[in-house]
């Protein structure tokens, strides 16, 4: 294991980076105001659950729905709350090159450990355009960077060849894949089989265990906002190849995925369910930024019942 | 024809709004710097060509690739350059609700006449979510607004029913459709057949004439950046149902569409060809913001030859 | 105007082929049995309405849901019923090359005038593969052929370059486009502007008039199953550029499109509404082959009311 | 473990069905002629490699490109060649309900053990339509049936709720998923966690091991046409949770996936590479039915070199 220096402030991140890194939900009071108390409770909740890092301003963090003012404020406050206890990763994905860099500089100034970048998501770039974009943005990037594959939202897939080329750009240290396509991600891993220092993290919690069992480095799993211990235990059991533990823990994860994320319609069910559950559990507000809206009472009542069926207090 | 008051500064826009409204390219020197001389030449070029309005920060204007600072600056400078000679429409599409409103306020302060809004383009909203989003944003909107259908980039289509409901929200005065699906747009028009004040503008120049011949109000056609007179003449001939003029003018438009926009690969060919041609014609820089990149010399040479084949000087 | 010889039996088809060619619904009693009386009534209904040709086994004809036995039987019976009064076009689209040829031979034997072919629709071919496929199948094709662009169902678009190359293959005489993308189809027409003998027919009835006004040859419009006279009148008015007639006729077409095709959910609404209306009008059975199912009573009642609102008897 | 009676001829299939079931390529001499000697060699090759079943007329078997005559002939000949040594599964997917049933009857008559059915693939059905389709076809189905999820080609996904409902229809005994979306398939498995008799087989070989490690029943892996022993060994190691064996075997599978399937362009690269490799190995012809075409010499030479780099003789 080696380590990557954060250029600005000489912090280091061990690579490959491993473990459970919750993609933090962004607690909100309204479209442009943070729920500061909720944020503090949530950060303490996941750190006390043993997670290995924290990722703000990802898809689960609704980065795209937040103003720049709010993204900066969240970055500053989270870094201060975490205060070096675990690495902080900051999503800097944006359709505008300049704004991604602006936010990366804020992240560096606040002492974040790395940034995370998905392709620009309005114009869909071709693979050569995407690689050139990465080369140009990395030339000015003050922090180590993970590329982030999220084709449902960005319309663009990093081809295995593009990842292979990107991995040679100084500063690009790993990849998070949220495509749910494990065949694809294993092809990417195979293409980079000689790069022991390159980190592979998987988004979907439904197969984080399988991914880790055969060489993946960890999970950026939304459910770890609610139940950090559960995902950390499943990660540890997977590293240890302890199937007696893996099977029941994974069933719990599948129960969460099949119930909490599955109330209501549209692609927003995952986010609505997750924020609603955190609110029912007393951790933070369930306000969701436009264009989505929090669950109304009937759905909230369903979430409450589903949490009871999970015996959720035992998972905390 | 009636008129819609711009709430802030009492300007009015005649409705339905008609004619050719070029979606202005954004002349750039680099990712975060305007080509100010190019902008002035371009604005004068299209106004002297007789266009009926100007639309900045649309897809052709690379709005999504520009920083907020630049979007504000472009809005201010364009409004000052135009100085009331023609209506100015400002694109305020953003994935963040707060930033769309921020920019709308800038537009209102600068004296723009209306704003244009496509759906948030990271998270894909369902139709009820989209309608609720429109209701909430219109409650704070300082200018009349056109909705903007651009599903290739936003992944979301405004269903005819959603448009019908949206058209009853105060302040929503029209729609621009860039789906290229004329069957769809005619269904939308039919759904709103009793709303004589609601404006329908079409993006693709390839069938602007057909659209106007049977009741459409005009075109937001990229080619009008290069050849405003051509598109204005085609619009006028279409309004007059003068087929002796329509047929050859439309052939010219098809020649442009089939050549200038068709050099190179990927979805970016249209924008690259358009900006390159404007540069060859001496109007403005061909720099394109990330994630795209201007044509290199071989493609530029092709564009130059295609312009010669067009006898482009006669079109000016 | 020249004419194309049908190789087998020396029939000729004038080219470009023009007018209204209804894509015949296939009247069915069950998944594998023709409604013979309904078929006869339907054929007489559209011929007496003045249509310029008849197209069986298209998408509206549910070709893909029918057994080969049934496709052969329908071809034989329709050719016999039509008996040379108007040209008969037979859809031979299939995922299997051999079966497309088998059906083309049946069509030739029955005296059909031409065949219609969309790309194989299970495996999505690349453009060079698609062109080579056309070259190989045309080498054995006994009848003139129209290519058929239907990307919603086939997942494959004929690129303008592929159409241009295909148009040089002997026997390929025209194209039907059901993409609804008029910008695309005008690019194809422009690419073939020197081929006055090549036929362009458009599927969506919503803009058949616009298409014909600027040089298109006609429409393959589903609504002409119900109201052949209406679509023929709109075609004739469009050829004559008679806007006093065009506007109200097109409004009628839009009313049909916005009501009859719009009851129920899913992509099957068009077909269900069309067959249900034909059944309510006493023309043929509304049975739809798997995987779709005819409307139940509540939807049928809605269709009945919508037909009354159309004053449908006056359209017959 | 219980067993399912084949209604016609009283054969039984143990359920859940487990192991490696190669989706047999269809050896062809031309578009409509079987390579009979190749077929026999291929069948003996995979049986001697220890596979647990054989699946003909799947996607890898180019079912959609083959005439009905050929599909029947292949079914008859394969059943005769296998002669009861391993279970035979026959793909009956078709866009026509009647033809799926026709082929199912042929399969039953020939003594096949089960059939496999993907959704009709021209018209995209909604979920209620899909479930009703399954109910109706199962009422006449002579053999046990696996549903087959293949959304890239069929455009339709079986939702977890639809699978749960389908699993209660008598005769539906399992599911093959080729979506590559392991999060989805684990949700389906979780929805059916109480159905110990329901079989889950995964298509993509890249994560067959992971799938089996946590409860999946096996793989329908194309590479097992070439190297049946390799996939059987990987399956056995996965059942045994023997990671010392799993890791190097899976690397071999990834090498195959990343090289043999990755020569050339378009979605057809997998099939072309697989058939070309089988031809280079002397097992069967590499002819591919339209709309695809076998590799030409340069690509064939690449495949030959890639096989050498694999030390492929040691894998046999």
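Here the chain labels run A, B, C and D in written order, and each chain numbers its own residues starting at 1.
Just so we're on the same page, contacts are C-beta pairs under 8 Å (C-beta built on N, C-alpha and C of every residue); 3 or more make two chains touch, one makes a residue touch a chain.
A quick note: this is a predicted structure, and the numbers were derived from the prediction, not measured.
A.B. asks: Between chain pairs B-C and A-B, which one is joined by a greater number of C-beta pairs in contact?
C.D. replies: Answer by contact count: A-B.
A.B. asks: Using mean C-alpha positions as chain centres, tell me how far subunit A is from subunit B in Å, no decimals.
C.D. replies: 36
A.B. asks: Tell me, which residues of subunit C touch at least two other chains?
C.D. replies: If we look for residues of subunit C contacting two or more partner chains, we find none.
A.B. asks: Taking touching chains as linked, do they make an open path (line), a single closed cycle (ring), a hub with spokes (star), an all-linked set (complete), or other?
C.D. replies: Basically the chains close up into a ring.
A.B. asks: Given the complex with subunit D, which residues does subunit C contribute to the contact?
C.D. replies: Within the complex, subunit C touches subunit D at residues 31-32, 59, 62, 64-70, 95-99, 102, 119-126, 129-130, 132-133, 136-137, 153-155, 265-268, 289-293.
A.B. asks: Can you name the residues of subunit A that touch subunit D in the complex?
C.D. replies: So the residues of subunit A touching subunit D come out as 160, 180-184, 186-187, 189-191, 193, 204, 206-207, 209-211, 213-215, 241, 243, 246-247, 250-251, 254-255, 257-258.
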